[in-house]
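Here come two complexes built around chain A, the first alongside chain B, the second alongside chain C.
What follows is the complex of A and B.
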């Protein structure tokens, strides 16, 4: 198993000392606060997991001058779109129709590959074959597992609007009565039977607009839910007392009737209670399928079992396939195509100052960003590699008790020079602590100017200057000896320094002097990832920036009074995952 | 600019072939071996396809498409007695990079990109072996099976086999116009 060195940065959002007042413990909270500043960051602490991120994941707030991580930014949705057809869906449609694509985007229920619509007619031959449109019945086809909606008995009349057509057909071709149609039917019934009498079965004479629904119908889950919901709402409306303003109690706390109702509770007293009791009718339960009652018959279970026995294991749907379906399906022939879930484009805001950190364009096809304040453009990136190029095989492993040197390269993205200070505790936290020495804790990294700009500034001597730099670098490399206090190599906007690591031995039963305090207390076996050397490094970056001018810049450069330079600094913890120690 | 180095090895043996007159075989297709290679009518053999009859003969049916970098034929010494050759029926599409060592591939099969079919395997009619899928040595795959994903299988009951064969025939027609054929090199 190979190990790639990593650098994670800690977001300051987890360090915030939110004052939690606990009575009688005032003194201790103060101690804690000062402790936190001195306490080194322990990457092995369980909480550290939540605050460490690679640099590419972090954003930077220009107003607060702080790093922001994915956990401390506020998300706002810019657009909803279907990842399959890239159609932008307005948020009102999402609220009413749901968060799936309502056009023709479906996934195969067997293998979740995208389904394509094709005609069942034979392809036309002869001249102009490519331009002839086909209007046979249409089916959905999976290009990957060769499933077709014919296998569940569903065909379509039109090639567009598959979602609507699909909602009206069951597997096997029989039409579904959609909840919307049921609702209309219910409304028609109540309007019609408010005057006339009804049979006990609930069957009304044939009137236009009313469907002949079977009171013992086997409903699917959606229809049953809508029937039950409508039934209970009507029951509540009948049985709950009408408030002073004539509204039923159903409207909740926000209505004007609520205030008078609540006032009535306090002032009305016994009078209101009597009124309430007299009005209250008994609530009953649903009586038939029209109202949402479904009686399970043992026969339906037997049918399923017989089917299983005859068709075998292959005909049952797997757990993964069942999870994607909205209804409880047991068999593969009951699976229905899955509509694609809509995806969102989000903009991110800083939690404290509400400044927008990242804002994508609302047009779905463009992947650009209108605003993009990423940490990569503000804080120096760190990369690690071993100083001695490793031999094959033993590449990423560290030998215990053998000092190994690593090269840290700091790349500066800012347009100003930065001074970098790095510090690390002498031994890494954890049971097996390796000794770490930074050979050059303080250095300056050049500005990220263009190569051309630098060349123009140098003027005629540019060729010789660069050559001089190169030979100097080569000289230090030729020595192969890292000196304390000196940087290893310098480039236009980067500097590399050497860090020496003495990996700890992973022996749990070793001589007493070799064991750390923690190991003495806890001598269990080696746990996962305890053999990875993680070095917490505290980085402090200082630079002088131009004061931000909000009004007209650029052209008025000459008319600016002074070049106000503001000293800025940023400090954060990083964790360098350097390598894995071999067990000896 | 260095000129191409000539290989020191002797050229590979040219196999005895029985090629139909209507096939399209690219110049850079590679036919090597000692056993017979027979290719049926209307078949298209792309350049850089490797037909290796060193260990057993190869018979390819009509209207087949053998794509680039595919390897047809036993790649290694078969255990046991002398094997029967590879038989590929009509209308079979062998996609790019597939390795076919099977004994018998049924009509209308599609062997997708980078699939591997083991020695002595038997594929039924109109099967579809998905990309990067493997069929073990000696395995018998029933008709109309679709092998996909992580070892998943299902039986395809869509009933559009004739349509698929028609599409293959159309594809062959188009490929014939695109690939210049040089059957004489292999006669």
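What follows is the complex of A and C.
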């Protein structure tokens, strides 16, 4: 298993919380020792995992001059779209229809691959075959596991609008009465009974549109829920007291009691109160399937058990398959195609100053960003590689007790020079602490200018000064010396320094003086990732930035004096994962 | 003045494409390379799988029909295979063109049978991209993924697993990491 060196940055949003104490331990001396005011950062603390991110995941707020991590930004949805048909869905439709695609985008219930619509007609042959249109009954096909909706007995008349067609058919081909149709039917019934229509003969006849619903019908979960809900709402409306106090808990406009209370607020209380001292009506429970009652019969369980006995294990749905379904299904033949969940484009906002940090375009096809303030453009990136090019096979493994040197390259993205100070505790935290020495803790990295800009600037008379600086610098730097106080190599906007690591031995048993404090307390076997050498490094970056005064620059003649340089600094912890120690 | 032309690993064309001598490219007249593209050894590109529609569609093809169209700064690692997808449509089986945009990195031993791959896509090693898959821009496909046929992968997704599912999103800071210009410059002709 190869190990790639990594650098994780800690977002300062976690520092305002409780200190990262490891549970069950007294305050170790490690936490007190530090050059800065903060405690040293322990990458192995349980909390540390939640605050460390690779540099690509971090954003930067220009107003607060701070790093923002995915945990401390606020997300706002810009657009909703279906990940399969890439069709934008307006947010009003999302609120009413739900967060799934309502066109023809479905996933196979067996393997979650996308389904395609195809005709069940035999393919046309002979002359003019390519012009023949197919309009046989349509089915959904999975190209990955060869499942087809024929296996659950569902076929469609039209190739579009599968979502609507699917909601009307059960597995097996029988039509479903959708909750919407039930609601319409209910409304028709109540309208009918409240203002009953009598024809000339004085007989109440059935209005067209009312369905003859079976009072002992076996309802599915959604229909039962909608029936029950409507029933209870009507019960509450009928039975709640028409009291002006309104303590029934019904603060909406639903019940007549609430309505009269609200009217009574403005027309004077006492009159309404005396009138409203009626008895609390009794509420009853649902009586039949129309109202949402479902009586479980012992026979229904027997049916399922018999089916299981006859069809066997393979006919049952797995946990993953069941999780994706909206209804409680046990068998594979009860599984239905799953509509795709809609995906969003989100814009991210700083939590403290509400500045927008990242805003994508609202069109689904465009991949550009309107605003994109990423930390990569503001803080120096760190990359690690071993100083000696390693032999194959032994690349990233560190031998215990053998000093190994690594090259840290700091690349500066800003347009100004930055001064970087790095510091690290002398030994890494954890049970097996390796000794770390930074050879050059302070250095300056050049600005991220293009080669052209530098050439243009040098031509302006400052040439000799720069050249002198360069030769003097060249004498000591860039000579690739691994000496304390000297950098390894310098480029236009990057600097590399050497860090020496003395990996600890992973022996749990051993002479007393070799074992660290923690190992003495806790001598269990080697846990996961304990052999990875993680170095916490505190980085402080200082630079001088132009204070932005764009509007006044052109007006005054002495604009040069107004170019006040503001000193800015940024400090954060990072964790460098340099390699794995071989067990000896 | 005689120039000694060294026999390097790559043949470099005028447009900057670096094609390995040990790659197997069939049907070169039907393949379009955008420029600055690297094709490593043992890469197979099937330019012979063409569309076989009858000529009733009209004689609008002025030049050669295109089987595989590749953009700029693409990188095809060792052993990968590009195959135009084919299906049975209205009674006849025909292949459809495979279109790949710029800055696409394909890992070693992957098989690509997609219909469309957008720009700035990074495909891992040993992947299989099923027929007629559509991959949009800025997508990362992890190693060993099998993308099922007809799948549409929206922009900024991280896809993994068998069958391939969207397992994550590409962060805003990773967008610049998909650029392959440095990778192209790093390819030497030894």
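Observations, loosely collected:
Methods note: the second predicted complex is superposed on the first by the 470 of 584 C-alpha atoms of A that agree within 3 Å, B and C clash if a C-alpha of one lies under 4 Å from a C-alpha of the other, contacts with A are read in each partner's own complex, and residues count from 1 in each chain.
Here is the rule we use: contacts are C-beta pairs under 8 Å (C-beta built on N, C-alpha and C of every residue); 3 or more make two chains touch, one makes a residue touch a chain.
Bear in mind that the values here come from a model prediction, so they are computed numbers and not experimental data.
By the touch criterion defined above, A:92 reaches neither chain B nor chain C. In the superposition on chain A, contact of A:328 is made with neither chain B nor chain C.
Once the two complexes are laid over each other on the shared chain, residue contacts for A:296 go to neither chain B nor chain C. Counting the residues of chain A that each partner touches, chain B and chain C differ, and the larger count belongs to C. With both structures placed on the common chain, the touch criterion links A:146 to chain B but leaves chain C unconnected.
With both structures placed on the common chain, the touch criterion links A:314 to chain B but leaves chain C unconnected. Looking at the shared chain after the overlay, A:4 reaches neither chain B nor chain C.
Once the two complexes are laid over each other on the shared chain, residue contacts for A:111 go to chain B and to chain C alike. Within chain A, the residues touching chain B in one complex and chain C in the other are 111, 123, 144. Only residues 53-54, 56, 88-92, 130-131, 136-138, 148-157, 163, 165-166, 171-177 of chain C touch chain A when the two sit together in their complex.
Chain A contributes residues 110-111, 122-123, 141, 144-148, 150-151, 314 to its touches with chain B in the complex.
Contact residues of chain A toward chain C in the complex are 55-59, 70, 81, 83-86, 111-114, 116, 123-125, 129-132, 142-144, 343, 348, 358, 364, 367, 369, 372, 374-376. If you check the complex, the residues on chain B that touch chain A are 128, 130, 146, 148-149, 152, 154-160, 163, 166-167, 170.
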